[in-house]
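Order of writing sets the labels: A, B, C and D. Residues in every chain begin at 1.
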Amino acid sequence: MGFDGMLTSGKMGMNKRKSERTSTGTKTTPAERNIPPVLQIDDLSIHTRADSSGKRLVRNLNLTIQPGEMVALIGESGSGKSVTASAVTGLLPAPLSMSGGRILFQGRDTATLTSPERRAMLGKEISVVFQDYAGSFTPFIKIGKQLIEMIRRHMGWNKTTARVLATQALEQVELAAERVMDSYLFQLSGGQQQRVAIAAALMLEPDLLIADEPTTALDTLTGETILQLIDSLRHKTKCAVLFISHDLHHVIKRADRIAVMYGGEIVESGPTDVLVREARHPYTRFLLQSRMDLADVPARLQSIPGEPGAVSACGCPFALRCPVRIARCDSEAVPEMMVSDGHTARCHLIGEAQGDLGAAEITRTS
Amino acid sequence: MTAQTNHLLTVSNLSMRYNKHVQALSGVSFQIGTGECLGVVGQSGSGKSTLARLLLRLDQPDEGEMMLLGQPLHKLKGEALRQWRRHVQIVFQDPAAALNPRLSIYQSVMEPLNNYPQVTPVFLRDIRHSPREMAERLLSMVGLPPEWLNRKPHQLSGGQKQRVAIARGISLQPDLLICDEPTASLDVSVQAQILNLLKDLQEQLGMSYLFISHDIAAVRFMSNRILVMKEGQLVEQFDADQLLAAERHPYTQQLVQAVTA
Amino acid sequence: MLGLIGSRLLQMIVVGLFLTFATFVLMKLAPGDPVKTILNIDDVAVTQAEQEAVRQSLGLDQPLVVQYTEWFWRVVRLDLGESYITHRPVADLIESKLGATMTVTLGGLTVMLLIAVPLGILSAVYQNRWVDQLSRLFSLIGVSLPSFWLGLVLIYWFAYQWRLLPSMGNGGLMHLILPSVTLGIAMAGVYTRLLRSGLIKSLAEPYVRAARARGLGEVRVIIVHALREGVLPVVTMFGMSLGSLLGGSVVVEMLFAWPGLGKMVVDAIIQRDYPVIQGYVLCTGMLVVLINLGVDLTVRMLDPRLRWRS
Amino acid sequence: MAGFINRYAVWIGLGVWLLLAVMTLLGPYLIPHDPLAVDMGKRLQTADATHWLGTDHFGRDVLARLVAGAKITLGLTLVAISAALLIGVPLGLLSGYVGGVVDAAVMRVVDALVAFPDFIIAISIAGILGPDVTHVVIAIVLVKWIGYARVVRGTVMTEKGKAYVLAARVAGTPGVKTIFRHLLPQALPEVLVLAALDMGKIILMISALSYLGLGAQPPMPEWGAMLNDAKMMFQTHPVLMIYPGVAIFLVVLGCNLLGDGLRDRLDARGEW
């Protein structure tokens, strides 16, 4: 069999595997067919220390991702979105630890996995694309070798077969595969580096891709093409995506559902179009209002009062910065409330008219 | 000659290369009027930061002229250059890097005024004999409590540090304030605060701005006119309200499309 | 790569010129008259005429520049002159001692690596746990111990009290143990810490996290992906360590009466045997430059970023 | 144990140096023996009420010699380190800040010297100038200034491109003021750490060269020279080699603890 033959057979293999998995469905949503969600996070809490002492970075977080769905987790830095992603992969950095709740991946509690089982899952069933594209591969080893290493680790194939798949994966992200295989990461531009990272992440057709601020470090235009790439590949491979971002604009453009985080809590979540139209939490409303419209420029920008990272210890985490807060917000924890089907929010004022958030002025926090 | 009087800064044919291979800026010309905000949009590597460094004379242009208030900025040297520096000040991208971590806020804010004892801006004139009071007023002008003067940078959030950097930037009441991506390293929720502050201060103090950013919406909000740069060259310049006009350069249109749904 | 070797060879020549010139000038400035040394003037009565005759025969009456050029060209032909004391050619002397010094240096290196590599990796992987604390204590003691004293203590117990090992001279593997251990322990502390901090730094690199996220096993992550960068500063220091070991071997050779270059030079210094001292300085200088060349090439091989940049 | 050492490293290190200073200043008053007084009638006595640590092969009081040795060690080390700092730090500042030709010139010298191990240079210089403790100090200074020049230059080079230094320039701060206000303080922690660690190395080097007979000459009560004396009798009187050895070890340990502790506290870089 010549090289071309290998290539086509490899491609066919790839397609076959995927089609077997997805051909069962008709035009119903996964939930209706009772297919378990890819990822289900129940009541997750993360603390800065192992013994639940220290600061709570994530509190009672619930999140579900259905097969093939792109869910965005949005919030300012320090809101706990990346930490949540690390908990899903089991790669929480040293002193941080899960202090409550559970994470179910494909119905399995990830806490019960042994370390080797977890490693076997990473890269094959759950993949990650990081913000820091320059750190996505070891700088001393050629990219091809690292892609092949990853394929062989998970599939146990021989080098030649692995090489075919790696080449295809790079072609999928519109790179000159042969040249990139033979390059070190630092020889590529930032956008190319992130493409390689995406190629590696989707190469083994995982069920879940975690894209952790994949475009934050890139130019606007490059970032845009990277997002388009992720979008098209996720449709092609039917991979669910957890898209972490601080950029509302990107998120609205791409995600099926949005979860807004503030101070370690998901304060509001819902289908993208619903959330954009009928946001109920003041923080979400602020975020939506602070989007700039190039056609209609105001004299002053709507800004969110207070300092980022100002999180009240009890009650609603946003209470310190909220212009419409009432006494309860400072003391009483807010339960997750259903607004409409699939749209939930955590705000005491959900049923009431919140009125105009006003031209919020700077409030001093000291 | 009369045409120059309402132009604070005239830059003509400015070029700069870092080494044989990297042409950072080639043949850029523009003018900034008094009290005007000129926005510069470009991706990384477009030469917009090089432009800022040249205007501050942190680097020396290979070619071209920079005339500030009728003086050839590109020719100044030594003490003469140091004296002219007070006319052009800057707010850097990363406030954490722009403040010496070892110095108190007071020391950082007062550094420019200490270097030019003969200079007192109009808004500080009534308290010119009390450095402490001047520093306190500068802080309150940027919306920080005056009692924070004794703090160190690490006790402040990113947005607060950027306010300190702005206080420092306006302390000499420069004719031109260069804002080099002033919101790029800040959280979305603070960006609007900083932009509003910058706009208020410009009106209040009558400064001209060169507002550099990759964020076309922020540039649109701040500027009277917009310069689009790509790979060291000027793509086009136009009045800000013409940003969405049909005759815009395809590259500008690409930039606009990337931020509109 | 060839450019690097070329520039290094050029550097070698420059350093060589500098070394020869510096040693030559300093020798001339040095107190004490070599003629008097040769004639052993303190013990024997020598006439002025006899002194002059020796001075002439050695060329010491010529102007300095002439003396230097003549001496330099002889050095280029590996003619390093004769020992004032034994009248043996210095080149021969060095050749006969070089092997012994290399042996003890490599012995020290072996001991050093045997201690430092496992200890460094263990304390990086189990950072701040007991292994790390213990290794820190060991390193602290290791760098603080004067090696000549450690050697004396080892000789006292192992050679004198327990009579397990020979303490003097060169005669096979048993003779090598005490000198190597003395030399190796002194150096191991530094390299344990160096390897540890290098590895800790690279274990915190984003690319290590990325390798874990690709599902690679922890051993593979550490050995294949992290260790490379952790080893880089160690390799750089390795060259210095070889030099330091070479320096350290002077003490060890004196302690254990080991017939190498170190003992040779100390004896020469005390007897003011200038040609031998000069020979030693030149020879070790060139050795150090060669070692550094090797290190440079190795680092370049391990780090493609360096290769690409040049 | 290790945790304790970590926490109090700086204090233990300072304590050792304080002890050394006290010994130097008060020793002669507390110990009624002349460290150089030979008394062949009292050779190699064991410790008793008059001679607390006994006597050596010339009947000299070992404790008096140890204390006198402390003074020598302290003095020589401080002289050497001060000279190295005075040469290295200004050169580093200048080289890093001015750059260009000055930098190139300084770095060529540094590059040439840095390749050579300290001990080999010291031996070579001692060899050329002849065995003497002053020559050893000269050799050490010649070797040690390089470290400071490199550290300071490196810090200045990285810091001077950072935004806060650029901001100072834009704010009209003159060059000299920038160096002293912004750059030097940034380099200082690393310089201090290096100096503390270097003091340990210097003590080791002086004593090692003296032990080899190339440094302090008899009858100078330098610790390394004392060990050289003790070596001849180590089979019969091993205790004589314990005292100076332990003294050197403790002082060097103190320096290393000080450097280590300073590094942790000042958050500086640098290894042994």
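In this text, contacts are C-beta pairs under 8 Å (C-beta built on N, C-alpha and C of every residue); 3 or more make two chains touch, one makes a residue touch a chain.
None of the values given here were measured: they were computed from a predicted structure.
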item	value
Other chains in touch with both chain A and chain D	B, C
Pair of chains ranked first by number of touching C-beta pairs	C-D
Chain A-chain B separation of Cα centroids, rounded to whole Å	35
Centroid spacing, where centroids are CA-atom means, of chain C and chain D in whole angstrom	21
Between chain B and chain D, centroid-to-centroid distance (C-alpha), Å	50
Whole-Å separation of chain centres (CA-atom averages), chain B against chain C	56
Residues of chain B whose C-beta touches two or more other chains	none
Multi-partner residues of chain C (each touching 2 or more other chains)	none
Shared-contact residues (touching 2 or more other chains) in chain A	none
Chain contact graph, described as a line, ring, star, complete graph or other shape	ring
Pairwise chain contacts, counting only pairs that touch as defined	A-B, A-C, B-D, C-D
Chain D-facing residues of chain B, complex	56, 58, 82-83, 85-86, 88-90, 92-94, 97-103, 111-112, 115-116, 165, 168, 172
Complex contact set, residues of chain D against chain B	162-164, 166-174, 181-182, 185-186
Complex contact set, residues of chain C against chain D	14-15, 18, 23, 26-27, 30-32, 133-134, 136-137, 139-141, 143-149, 152-153, 155-156, 160, 189-190, 193-194, 197, 240, 243-244, 246-248, 250-251, 254, 265-266, 268-270, 272, 277, 280-281, 284-285, 288-289, 292
Of all residues in chain A, those that touch chain C in their complex	89, 91, 115-116, 119-124, 127-128, 130, 132, 134-141, 146, 149-150, 153-154, 184, 186-187, 197, 200
Touching residues on chain B, where the partner in the complex is chain A	43-44, 143-145, 148, 157-160, 187-190, 192-193, 195-196, 199, 214-218, 220-221, 243-244, 254-256, 258-261
